[in-house]
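Written out below as structure tokens is the structure these notes cover.
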Amino acid sequence: MKATFLIHCPDQPGIISTVTSYIQNKGGNIVYLDQHVDKEAEVFFMRLEGEFLTTLKANSNIEDDFEKEIAVPYAMEWSVHYGDKKPRMALFVSKYNHCLYDLLIRYSSGELDVDIPFIISNHDDLRYIADQFKIPFHHIPVTKELKSKAEEEQLRLLKQSSVDFIVLARYMQIVTSRLIAEYPNKIINIHHSFLPAFAGAKPYHAAFNRGVKIIGATSHYVTEELDAGPIIEQDTTRVSHVHKVRDFIEKGRDLEKLVLSRAVHLHVNRKTMVYNNKTVIFT
Amino acid sequence: MKATFLIHCPDQPGIISTVTSYIQNKGGNIVYLDQHVDKEAEVFFMRLEGEFLTTLKANSNIEDDFEKEIAVPYAMEWSVHYGDKKPRMALFVSKYNHCLYDLLIRYSSGELDVDIPFIISNHDDLRYIADQFKIPFHHIPVTKELKSKAEEEQLRLLKQSSVDFIVLARYMQIVTSRLIAEYPNKIINIHHSFLPAFAGAKPYHAAFNRGVKIIGATSHYVTEELDAGPIIEQDTTRVSHVHKVRDFIEKGRDLEKLVLSRAVHLHVNRKTMVYNNKTVIFT
Amino acid sequence: MKATFLIHCPDQPGIISTVTSYIQNKGGNIVYLDQHVDKEAEVFFMRLEGEFLTTLKANSNIEDDFEKEIAVPYAMEWSVHYGDKKPRMALFVSKYNHCLYDLLIRYSSGELDVDIPFIISNHDDLRYIADQFKIPFHHIPVTKELKSKAEEEQLRLLKQSSVDFIVLARYMQIVTSRLIAEYPNKIINIHHSFLPAFAGAKPYHAAFNRGVKIIGATSHYVTEELDAGPIIEQDTTRVSHVHKVRDFIEKGRDLEKLVLSRAVHLHVNRKTMVYNNKTVIFT
Amino acid sequence: MKATFLIHCPDQPGIISTVTSYIQNKGGNIVYLDQHVDKEAEVFFMRLEGEFLTTLKANSNIEDDFEKEIAVPYAMEWSVHYGDKKPRMALFVSKYNHCLYDLLIRYSSGELDVDIPFIISNHDDLRYIADQFKIPFHHIPVTKELKSKAEEEQLRLLKQSSVDFIVLARYMQIVTSRLIAEYPNKIINIHHSFLPAFAGAKPYHAAFNRGVKIIGATSHYVTEELDAGPIIEQDTTRVSHVHKVRDFIEKGRDLEKLVLSRAVHLHVNRKTMVYNNKTVIFT
């Protein structure tokens, strides 16, 4: 069985050999190791995939032992993810269907190895797509009055289905502080601009008015500050004076789909770590 | 001889056939025509290249006639550029040599078809490059006290050499309002970010701190508002968590050179028109 | 009503003014004009969009007149396309669903302004997608024995539904000479390599074995010679030693979708002209 | 002092922990580690940078010990490179100056941390650039008759100056088998196409005739088979029907410079390993 370790701790000599020796002693064969040192912050990051011949969890207290023998002495924050457990992903959408379609097709073809317990939307418009792919769809309207009731209902569904992370696939509502607090670095948004340019509403209109020659899309983890969370992935495409705002929107859809799907892939494959509002993205 | 017409005017039916018939009647063969209509502003733009068998300027009052017969009735702003006259380009630099080297190599290889009467710098550091390429180099220091004297000297040199346009090849001074007024849409700057993100000082540091996954460079015409003029060309390149600020700077140098040289090419080949702080870039 | 003219003819002076004057005299306002001269072949190409206030076809013999007055004297090949008639597109698929899904979503959202009378497949696997989008699906098996019968059936369906052009959305059969002859420059294929590299079967495996750092996809019109027709659109993406063949395939899917959809858009919007096995692509 | 280890060997469990423990025991702090397993070939690759507090070479027989204790048991091929020794790079050129200029500017600005003992050319045309940068220039004509004499002279100069690797910066001669044998995976070429498309002579003409929409450049290690060696780096740029062959050449120059300079950087920084005619490129 495969186990993926994500580690960060204050940098000091010897971490790699200590961890790799530990894994080997536990019967693990390291099939992937990548590390990074943030010289300014003096923080060490590592992603390590081990192949364990015996059933890791049954035969050993590997997690407890790792915590005691390695993590505590090195002051590590760490997590381990087992290959036999699919991450559970909730989708939040509004009225635009392109990102939803894109993720569901990747899911149904097996490219995206997750479970999708449900889709939540503040509108009922996209229920037909959920039906096409046989995913439960919950219409939870969000208005000023209903905001806290909606949050309650969202949280209830998320907890009930043991959701691991949330993807805002062009969800046109600001998620609540409580949701962010419950899912720190576990809510992935797609913003339709090359952040930090054109944060906020109507970025394609703003880009058009500025006369840029390139537009972009940005996927990031959601934090309290709007469109200011740790960036996971970005991409850009060329535009010119012949393109109107509606061309920006059309070209942007393709960017949004690609950038969001790449970010979701990276998250699902445990290739992302967050530190100081920035991401380390392993290859 | 080749003559390139650049035209813009309020949109109305019949402009293209009127202009093309006029050119043909004057003995011109149209070898290139591109047009654009800004639907919002209701403005028509056209770029037209004509090949004239007879010597255009000698045999006719084409400019006067065009003004009277075409430009006035259609309320056009227009200009014509003859293929036998090289644009005269002044270079302003400070201490970074990469854009200067890049432009001078394109110039000396004949790729960039301009005259370069001189290079102006607020430092003496890059004189050796001017010497390598045998271009006059004027060291004009700019300090708070010397600012207006420097401006005088710059303007004197520009006028004396009949400079057509100015390229700020990483010139680390803000050019004066008077210079901008004398050379409207004729001063080309390179800014080392993907504008409008990270305008102002130290954009690579700002990009690094924000944790972006892509950096950019932008070439634009200089206007009164800093880094806010009409964008001519932009490009981007990928970065990741492994790159430090000095890697951003190194990767950025290659972007800056490319983007600035493309913008200069576009300007030299009369492929740019400015309207409402945006550019139309003909192909 | 909008009418789009596509013209090519031997190059000579005066074509643009003649054509634009003609359009204007017929009451048309030219809203777009782009032209190109192939200097080597001495051929002139033009794409012109005219807005006609009166109903063009009812009030005049514009097509007959154009043929007599303009096309014959200039030895033009030309076509005109009216904005009130949607092109009719047939889709051919096999087992891969990504290009099919991509095109159908663009169709159902209104982005792709065509009629889709049916989908033909040599397998029955993707019928469920046709059902999702309520498009008729014809399963026409192709084996050595059934090849000519399949061709008959394909042609019958195409004629019956007045299909204008065909998109091979990862159709894993070689289309017959007769089909190509019936739809010259009207069959669009997507090949999963950066042509002319890796023509033929299993291009991702070949690219992997060669150790390339970039893979590509190419959309082209189908001609008798396999993967050698006029290229409409290409794009590329980076790979590295960490990517296995199945990663090439996965990354390639996103490329294929984008490149094919762009090619289809260009064709639908009458932005392509073919000459000497190459394309002119208008902007 | 920094020491960079490059290792490859048959894959087996325990390599990483063995090597990292060894480095640590020798007083080294691992500041970078990247590894790759080629699953098909069952080969393990590793690049490791260690910071050694004491002077590594003086205080220990680290190389001998590593060979005995680690390399032999694991059947490794390996090399170590010390940070205090600059690689010595010879440049071979012909008549095109853009790659030569590009590399010399990167060298003179300190971006490219190498020694350049000399430039060899089969023509005398570019001597002036060597003079600008004060690098010795050897004009060694190559004709059918002079071929073996030229090879002798090239080898003599290379040996005399202890050259580590050779860059063919648009050198328009096929290098001899003997030279290739003396510098295996140490001769870097730039080919002006997206290999394997358009190998051999006049690739831009071939690309133009095929009507491609994207052109490329490829940097690779030179092997006996022309343009078929392990690819280090590639990049591409868009072209269209408006571009003539001379535009392909002009756009290509910028690609060639960038791709070659990136490949040289990768080689200089010991980021490349070659196996089965493919490269592993560490980040």
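Note that the chains are named A, B, C and D in the order they appear, and that numbering of residues resets to 1 at the start of each chain.
Assume a contact is a pair of C-beta atoms (placed from the backbone, for glycine too) under 8 Å apart; a residue touches a chain by one contact, two chains touch by 3 or more.
In this text the structure is predicted, and so the values were computed from the model without any measurement.
J.: When A-D is set beside A-B, which has more C-beta pairs in contact?
T.: Output for the comparison: A-B.
J.: Using C-alpha centroids, which chain lies at the maximum separation from chain D?
T.: Of all the other chains, the one whose centre lies farthest from chain D is C.
J.: CA centre of chain A versus CA centre of chain D: separation in Å?
T.: Centres of chain A and chain D (C-alpha means) sit 37 Å apart.
J.: How many angstrom lie between the CA centroids of chain A and chain B, rounded to a whole number?
T.: 42
J.: Which residues does chain D have that touch at least 2 chains other than itself?
T.: Answer for chain D, listing residues that touch two or more other chains: 240, 242, 283.
J.: With chains as vertices and touches as edges, which is it: line, ring, star, complete or other?
T.: Per interface graph, the chains form a complete graph.
J.: Can you list the chain B residues touching chain C in their complex?
T.: 13-14, 16-17, 20-21, 23-24, 29-35, 37, 283
J.: What residues of chain A sit close enough to touch chain C in their complex?
T.: On the chain A side, the touching residues are 97-98, 101, 105, 109, 111, 132, 240, 242, 250, 253-254, 258, 261, 283.
J.: Which bits of chain A are touching chain B when the two form their complex?
T.: 36, 38-39, 194-198, 210-214, 216, 230-236, 240-242, 244, 277-281
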